[in-house]
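In the part that follows, the structures are each spelled out as structure tokens.
Shared chain: chain A. Partners: chain B in the first complex, chain C in the second.
So, the complex of A and B:
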């Protein structure tokens, strides 16, 4: 029994890692741009397909492919900022619809380029860290965990310790006041979109060999990310990380001990309860949307 | 008198319409008719300023309720459709207690979560909802004759006439509600909420009322759908369908009654007829996505703003404040 608990705990840590990467990106974009990016799950999917194209099809080393995934999806984020969110800055509902349009385009491109079937990606490494016979952590999962910890720490340092980070947080809090202080709202928007999208791409690229890659994989990711950012409080990065961990543990344990559908229901119910008790989320502040 | 002629022409056009279409286009026409009711009911909710992502699931509640009631209790299908609407309204009333603690973005996501929970419950409980496979062999409308026309519901044309009458009556009711004092209060709840509250309007009660009425009509549209296609499953009402409803409403524009309907008709014809006829099966979502982006970038006030441009001079004196905005 203890071993099962330990193994499930390890699985939950892995899930928390990639969920928090996705959710933090979504929060960053929402905080700075004021837009709900519905295409965030498809950015994750795009990251996975970069690994399919480079690593699985062209034998580029895995970590080079992952770095390419981060940069490529980050650039997609810049494209969205320039083409969609900047012209629609005063129209949050418009930004939402535009991101839905972008989502459909990304999905269609994935179908056209790779087909609807699940991609087969050769495993990166077969190595497994065995704590005991029944408590094992595949090294491929460890990569995801380490990457999430490193990237989130870097982001935290960037936001709290550098001038750019201060500027970013300032324009998330109050764009007009930030602009008055000489902070370029456009520049902070670009940075936020690049990081936010890039993190989603990174998560997608790293997990590509571990999940079933297909053009429609973004759907469950975006649902999870929404739950997490609501529970954590929209606009709170710390809240998003904490909520990712809570959600991952609840979801993984209910899946292991009961079943997947019940786990989904539990996750959604968790979010509804948080919304009912504290309608702005655990760490959230005033309504923005 | 002029109005009467327009209505008669419209009715004549709708009677002729299915007879000049191919079989698959007739089927699209039936779905379009049902979706018009769905999107028109959605607009009633958006009048109060709240955007829900659970509307299609509520439609599904009506579909499941009507399908199960007609099957298990032997309720006649027309009454089942009505009951489907009532069940959807009741479920909406129950959901409104938690949901209307939230506003704006939180309501959007909260309604999505509530909808997903309902959908997952259909998936999880095979009895009575049929699990992932859903319900099959739903009772069809019984055929009947009105003397000069035989309704044979195996034919899409017959079902189109039936659905068009039901939807027409529902639209008329929705229109009357919007023009009534209650409808004007819905507007006030959105645009002048502080003033409305100060005048003694119970904001939450009116938001709930709009939500319940809109859900009732969504339920009717779901029941219409269920008895037409004969099989429903949880995926028939997933968030992808909701995204379509959202885009119909936004691309059409929501400041007029006809805006969302216009969006629904134009986008459905584009997506289901034009792009399909051009043989662009695989690139269809790509083009549809591009159309969405271009229309929101270059036509932020929706298709209705174009119509208004042509009719503005005539109605200048009658415009409501939010249209003049």
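So, the complex of A and C:
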């Protein structure tokens, strides 16, 4: 039983890692721009396809392809900011609808470029850290865990310890007051979109060899990310990280000890309970909820 | 104008009668062909989306089949030879889109026969089939019911053929006594679960755990595999998981240290699974869909023309894309072609009668019988032998053909018991 618990715990840590990267990006975009980015799952998918194009098809080293995925999807975020969200800055519903349109465009581009079938990505490594016969951590999964810890730590440092980070937080709290202090709302929006989208791209790129990459893979991750940000508190980065960990552990343990369908129901029930008990989420503030 | 027509002797009764006749005419499929006119066949399957792997390769196979038939002169009906052409409609595995597609194919395109994947999309299409009397085929006989006598399952008798893999396993590796199973919770997964449970019970293999069902949206299979391996099973059964699941599950089984037997309905793109695991890990993997370059398919009883040549042509055009359904829709067409040529027409009723004449049919894997009344309420599934395929030295190899009806004669009660428990009998489906 101990081995089963330990292996399940390792599985949950991995799940929490990539979910938190996606959810934090989604929260950052919402926090700074006030837009619910429905295309976030497709940004995750785009990161995976960068790895397909560079690592699987052109034999570029995996970590170079991952870095390219982060940058490419970050640039896609900048494109969304300029073409979709900036013209609709005072129209959050319009931004939401525009992001749904962008979602469809990205899916269609993936179908046109790569087809509808699952992509084959060679394993990055087959090395496994074996704690015992039944407790094993594949090194490819360890990469995801380490990347999430490093990137989230860097983001925390950026937001809490740098002037750009303070500007970003000020814009998120009160865009008008921030503008009166000379902070460029447009620049902070660009930074938020680049980081938020880039994190989704990074998560997609890192996990690409571990999942089935196809044009529709963004569906499930966006549902999970929405559950997580609602539980964590819409607009709260700390809440998104904590909720990712809670959700990943609950989902993984319920899947292992009961079944996957019940795990999904439990995840949704968790969201409903939080909405009833604390509608602003674990770390959310009333003005953003 | 209408008043004038009525005043001129066109009575209300006549108006209603002629309206009814017109409506009936519009409802019935247009299956009359002019001499030499190209026969159109509807291909109504998911061509995009998560289930596209069960549609697109089949359409590709059909195009190759049609080229071969057309080069040989076409289909020979009473009024001469007709070329054949496929009209596809992507239903995205959505019942509403499938219904729209069926209507369009019949009304606008004038197809003579519609092939489907079936499953979750069949409830959308069934009213169209019932209304028009069009002949449809499905890959999933679990769609069959007496309500729609024009729906056939002439090639893939999913999931009933799965019993052959377990039967072969029990005969050849009798030391394996325990099994676990996982499946996606959908119309493809659940009847398979019931079938595998019956097959394992018949083979004396003990299930160590309830089948583990997962959401079709699952992408991370580590928790699923951890659960499967928690009881140290001899056999892990992957049910009828889509290849999007089979690959990551196998990779997880490999990474979590499993060294036992794997059995699955399919192993599409198994070379990629080997690349992600190892040749040694995949050695002995049992599934049910052969590569058509297998020498065993050159036997006289195989009713698929030039299987090796078809496989070579498919791989030339679509390298690395051969999968479970690449040949199946073409095989259905082979049966339909024989039926149409025997009937001398493409009329759905005439073709259906010709196909089922004598209660026997020439299935791709040998002569088979129209079967299924106990399970599906109607004898519209063509059931006979099915191959058991094993990966040996990195290559799929047919190890033998086993009879589904023979298994059913001995263990049919088990299958009905488990199908009933999972609400998969035809009279339990809503």
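FYI, the second predicted complex is superposed on the first by the 286 of 289 C-alpha atoms of A that agree within 3 Å, B and C clash if a C-alpha of one lies under 4 Å from a C-alpha of the other, contacts with A are read in each partner's own complex, and residues count from 1 in each chain.
Quick note on the criterion: contacts are C-beta pairs under 8 Å (C-beta built on N, C-alpha and C of every residue); 3 or more make two chains touch, one makes a residue touch a chain.
Keep in mind it's a predicted model, so treat the numbers as computed, not measured.
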When the two structures are overlaid on chain A, which partner does A:152 contact: first (chain B), second (chain C), both, or neither? neither
After lining up the shared chain so the two structures overlap, which partner does A:272 touch, if you call chain B first and chain C second: first, second, both or neither? first
Mind working out whether A:255 is in touch with chain B, chain C, both or neither, as first, second, both or neither? second
Touch check for A:109: first (chain B), second (chain C), both, or neither? first
Return first, second, both or neither, reflecting whether A:94 touches chain B, chain C, both chains, or no partner chain. first
Thinking of the overlay built on chain A, is A:230 touched by chain B (first), by chain C (second), by both, or by neither? first
Which holds for A:210: it touches chain B only (first), chain C only (second), both, or neither? second
Contacts of A:264 with chain B and chain C, given as first, second, both or neither: both
Quick check on the output: what are the common chain A residues between the chain B footprint and the chain C footprint? 111, 219, 223, 261, 264
Which residues of chain B touch chain A once you look at their complex with the stated criterion? 51, 98, 101-106, 108-110, 112-114, 116-117, 120-121, 123-124, 239, 243, 246-247, 250-251, 282-286, 288-293, 296-297, 300
Can you list the residues on chain A that touch chain B in the complex? 36, 38, 83-84, 87-88, 91, 93-94, 97-98, 100-105, 107-109, 111-112, 219, 223, 226-227, 230, 234, 261-262, 264-265, 268-269, 271-272, 275-276, 279-280, 287-289
In their shared complex, at which residues does chain C touch chain A? 47-50, 52-53, 56, 185, 210, 212-215, 217-220, 222-224, 226-227, 229-230, 243-245, 247-248, 251, 254-257, 269, 272, 275-276, 278, 321
Once bound in the complex, which stretches of chain A touch chain C? 4, 7-8, 11-12, 14-15, 111, 116-118, 120, 122-123, 126, 128, 130, 133-134, 136, 138, 141, 210-212, 214-217, 219-221, 223, 251-253, 255-257, 259-261, 263-264
